[in-house]
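Please read through the structure below; I'll follow up with questions.
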Amino acid sequence: MLKGISSILSPELLKILMEMGHGDELVIGDGNFPAAAYARRLVRLDGHGVPQILEAILQLYPLDKYADNVIMMEVPATDPVETPIWETYRKIALEDPHFKGFVFEERFAFYERAKKAYAIIATGESAIYANIIIKKGVV
Amino acid sequence: MLKGISSILSPELLKILMEMGHGDELVIGDGNFPAAAYARRLVRLDGHGVPQILEAILQLYPLDKYADNVIMMEVPATDPVETPIWETYRKIALEDPHFKGFVFEERFAFYERAKKAYAIIATGESAIYANIIIKKGVV
Amino acid sequence: MLKGISSILSPELLKILMEMGHGDELVIGDGNFPAAAYARRLVRLDGHGVPQILEAILQLYPLDKYADNVIMMEVPATDPVETPIWETYRKIALEDPHFKGFVFEERFAFYERAKKAYAIIATGESAIYANIIIKKGVV
Amino acid sequence: MLKGISSILSPELLKILMEMGHGDELVIGDGNFPAAAYARRLVRLDGHGVPQILEAILQLYPLDKYADNVIMMEVPATDPVETPIWETYRKIALEDPHFKGFVFEERFAFYERAKKAYAIIATGESAIYANIIIKKGVV
Amino acid sequence: MLKGISSILSPELLKILMEMGHGDELVIGDGNFPAAAYARRLVRLDGHGVPQILEAILQLYPLDKYADNVIMMEVPATDPVETPIWETYRKIALEDPHFKGFVFEERFAFYERAKKAYAIIATGESAIYANIIIKKGVV
Amino acid sequence: MLKGISSILSPELLKILMEMGHGDELVIGDGNFPAAAYARRLVRLDGHGVPQILEAILQLYPLDKYADNVIMMEVPATDPVETPIWETYRKIALEDPHFKGFVFEERFAFYERAKKAYAIIATGESAIYANIIIKKGVV
Amino acid sequence: MLKGISSILSPELLKILMEMGHGDELVIGDGNFPAAAYARRLVRLDGHGVPQILEAILQLYPLDKYADNVIMMEVPATDPVETPIWETYRKIALEDPHFKGFVFEERFAFYERAKKAYAIIATGESAIYANIIIKKGVV
Amino acid sequence: MLKGISSILSPELLKILMEMGHGDELVIGDGNFPAAAYARRLVRLDGHGVPQILEAILQLYPLDKYADNVIMMEVPATDPVETPIWETYRKIALEDPHFKGFVFEERFAFYERAKKAYAIIATGESAIYANIIIKKGVV
Amino acid sequence: MLKGISSILSPELLKILMEMGHGDELVIGDGNFPAAAYARRLVRLDGHGVPQILEAILQLYPLDKYADNVIMMEVPATDPVETPIWETYRKIALEDPHFKGFVFEERFAFYERAKKAYAIIATGESAIYANIIIKKGVV
Amino acid sequence: MLKGISSILSPELLKILMEMGHGDELVIGDGNFPAAAYARRLVRLDGHGVPQILEAILQLYPLDKYADNVIMMEVPATDPVETPIWETYRKIALEDPHFKGFVFEERFAFYERAKKAYAIIATGESAIYANIIIKKGVV
């Protein structure tokens, strides 16, 4: 642990956040996301929900002002599910001045994008359609 | 994640708990415990408190009925600190029929014992004197 | 070993089952399946039959309700072999509410699918056409 | 799998048995033996009992005629436990012409000896005091 | 060494033979075969001829009854070389009831096939055109 | 790079600072310190002076209030060298409320202590007798 | 450190510069360059600006006289940013007799070129559009 | 060192020469060849010229009588450079009865061929256009 | 394979022989020697007898003229076994001008010496008391 | 290769020289020195004599002015050998202002010291008693 850094961020995760550069993407997967199958670099934060992690990361990590910077997995038109967690994410993201609202990717397109991301965080989030990608900006 | 297993237990931790045998010891360190310096095998559960982890582990892990099975770090006589978290640990440990009460080790003796343990879990527990060692029994 | 978890599941296998996410596939190969040649991650359970392993896994592992979730290797029309072990598999799979019956893949298509699976378990199963793929659902 | 070799022996185990030389020792631990903590080389045969493994090994592996060759963990005088599995072991060992009966080591001396053994096999044996060490002879 | 297993088979080779499954291929190269350049898994048996190795392997390893199972490198029409070692191979292969005679591959096609084989054995065989591929069957 | 964290701290160093616990020690060596020879974990910050590194670290890293927490390499009585950089270190350390002044170790005792430290940072500091050890406290 | 070699060059970087041959390319990225994502070999020089690094390297490293040898990332026509650091680079590069002026690559083409470079240096340079590629010549 | 083997051949190089088979290629690069960038296996012989190395290798290594066996990098028509070292190479190669004279590859085609070679030797040869590829024959 | 080097010597073994220096020791173990248990570096030459290996090695490897250079395992006085292979070894060793006759070590002292040797060769030699240590001299 | 650095120094060696600090020792062994057996870090410069290497190193590497800085292996009183290479070493070392003449260690004491050195360079030097240790000073 260090002074002023959230204890939810593991040493390995902080190292990865620092290594990332402009345009690199980070995936925060929910508890059912196939993170280990797709990750180039995998960070596990078992037992935590996504909102606390997202909030701790965005204290340190700027969103990319030149591109779409928050990407969500799309709910198929045929699926009547509600996704109240999205509203929570939106409130957290709004703390970053460059947040431009959500962009959506269909499930398998989202997986392909996740494979190319710099890292994927596996969480214990129990909400569904709760995966999120954030694109890093310039510090 | 799996059915019926707490999502706070990481895949690596569950593997380690299964590998352990009769008499092996497991350390759960608080957020300031020098876990990375002393661990033969290190599992990080950053951002979590010890009680939730202890409770999840003891669902699966029997205490050793042939020996002292819960070891705590001793508070020096000169330190007036209160340790209310010990009462929480006691309640959790009492679920195991072989729990025999706490045994105490002086700080540096505790470190030496931790070095020989099968594994150490690093947590984000903010209480002090909150380190605990549990000795595995026969399944 | 742990309380309440079948001792047929190795620590490494339990770790892998936990790491898998929604849509990932697991192959359980019979004793002649070329598991080591094709596996991205290989787990050996030499000397065991498939039914016991399948049963132990499905205690913990949900089938995918959004897709075909149990895939078998097809018997060619020209092969008069009987496959009574399929009936055993069916009974075990029926314990999962999302089981939808078997889907079949021709031998070499099955191999290609196995190469992409998250893991392959090598067993000592002596029955033939006894390979099976199970697709993981949402916990 | 190969013709004429028991399918309970994993490829890794067969490799280890071949590598061993005169005087090297092999431990077969029961399901509660702290195999992973002590092994220089660890082979897991989860879910199997010791007798089937011992029998398959002794088909290929000669006992050492120049020294004590079967070592068991001693039951303390104060423990009234019965160990019927020992009789099973004896019948299997008697197939080797150089078997000389059992020699016993106290629990912690047995652990020290296990640490120096060439390899330890972890099993799912549920009987207690069921650990056994066999010393390899000349082929 | 083990009882009843030829001492020409190294521990690593025996492990590999056991790991192979139905349809996997094994190359035994002569002393000039570029084994190290092409092998996914390389086993060296320097100083030995191919016939002794082939004979020892076929004691344990069944040929594939569903496919061409012994593949040789073709001699170009323009090369007047004699290959008496082929007759030796034929006699050894005839011990397997599923041997169907030789199939030939042109030199560079043979190399491509060798690259995909499960393993290649490098020998000290001094005969030329003495490379051979054997395809594993069902035990 | 991240918001609010000095860009002089490498990702690897930040990870190491987070991993350290109460009582662990960190060495910052000058440009001639034999860091690579003695380090359990080595971090290189070539071309930087010690003061900037020390200052950046102490923004995040608390000194140990229970023990001597800043250790310097002693100048032998026979060496008339001046060490003005110590005054710079003192000013930086005074920002931490638990700083207790310097403690000195003779050169070879300092090396022995460095060998046991959690990590050593190699710098390009050109001042002499400019090595420093800081002991981590409780966050 | 060594006599006559700038202390800003790390041992790893000097090794890499020596290993490079005629036509190999080296990227020096600014603090926001996604160096870790794209590098075949990554060297971190956190906290340093590019000019000092470039100057130290060009003392030892000749530019390629047969090809474009200094490549910069292009500023889009729509971006009114000033890049005064380019003038600094030009002055440093002019010390090499084979410097031919800058060549520009569009941002994503620059990334593709960086992926194929022999190595990428990550720096703490805070200027923007400050990435530079230098192609090695004949010593 | 060994009796009768040139001390210029490193243990690693001799191992590689032995592992190579019929048709494998070996590159000996001059001091500016980008050996580390292209080599599947890299052997460094810093500070030596190519002729001594070539001569020591050809004492042990036969050229391929079935194919072009000595390949040089072509000098562009526009380059008036002299290459007296080629005559030295020719004299050394003539000791092998299967040498057929030089074959030339254009610079970038030579690089592509070098990437596929079994190994590349990096030397300190200061002559230019001094790279050479030798193809191994049958012993 | 290479010209003039026995094909019984594997590439790895030749590398090891070259790496050894004055005073280093090499063990050639018989088929029952516990080579894998004791070797710092292990070379397997399964299926070969010791005399052919010893002869091939001594073509290249000088014995140490300053010390005892051929060490055998002693036969206990109580063992009436004959060791005709020793005479074979003696004839081979006599080709080296510095051979001084055999020196003997008791079995367990021989094992201790083998542990410190530079390398151990595992063979398929079926004669007993056929282990031998040779000490390298100056080339 | 780089401008102004001797091509006899390999990239790995230069890296090691840079990493070394005040008081670290470097061994340059002759062609019969058991370098691979004793080295913590081994650098091979096969085929080169010691004087050229020593000279190239001392261009960059200062001797330690606080301690004995050039250590040679002692010739036993009973050995009438001449060591003219020592005079060559002396001339090279005299270029360093802190050279204090040679210090001698008996053969096995020299080996013990070499084991603790930061690195050992293996050369092809054919002179005897030609091993040398140099202790690094302050840059």
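The first chain written gets the first letter, and so on, giving A, B, C, D, E, F, G, H, I and J; residue counts start at 1 in each chain.
Following the convention adopted for this analysis, a contact is a pair of C-beta atoms (placed from the backbone, for glycine too) under 8 Å apart; a residue touches a chain by one contact, two chains touch by 3 or more.
Going by UniProt, the chains are A, B, C, D, E, F, G, H, I, J = RbsD or FucU transport.
Everything numeric here is computed off the predicted structure, so don't read it as measured data.
Novice: Between copies chain F and chain G, are the contact residues mostly the same numbers or mostly different, with half as the line?
Specialist: Counting shared over all numbers used gives more than one half: same.
Novice: For D-E, find its twin among H-I, F-G or F-J: the pair where over half of the contact pairs carry the same residue numbers.
Specialist: The same interface as D-E is formed by H-I.
Novice: Roughly how many whole angstrom separate the Cα centroids of chain B and chain F?
Specialist: Taking the average C-alpha coordinate of chain B and of chain F, the gap between them is 32 Å.
Novice: Provide the C-alpha centroid distance between chain F and chain H, rounded to the nearest whole angstrom.
Specialist: 50
Novice: Quick check on chain D: which residues sit in contact with 2+ other chains?
Specialist: Within chain D, the residues that touch at least two other chains are 1, 10-12, 19, 31-32, 139.
Novice: Kindly provide every pair of chains that touch.
Specialist: A-B, A-C, A-F, A-G, B-C, B-D, B-F, C-D, C-E, D-E, D-I, E-H, E-I, F-G, F-J, G-H, G-J, H-I, H-J, I-J
Novice: So in the complex, the part of chain G that touches chain A is made up of which residues?
Specialist: 29, 31-37, 122, 128
Novice: Could you please specify the touching residues of chain C with respect to chain D in the complex?
Specialist: Residues 1, 6-12, 31-32, 44-48, 52, 124, 126 of chain C touch chain D in their complex.
Novice: Where on chain A is chain F touching in the complex?
Specialist: 1-5, 10-12, 14-19, 59-62, 139
Novice: In their shared complex, at which residues does chain E touch chain C?
Specialist: These residues of chain E touch chain C: 19-24, 118, 138-139.
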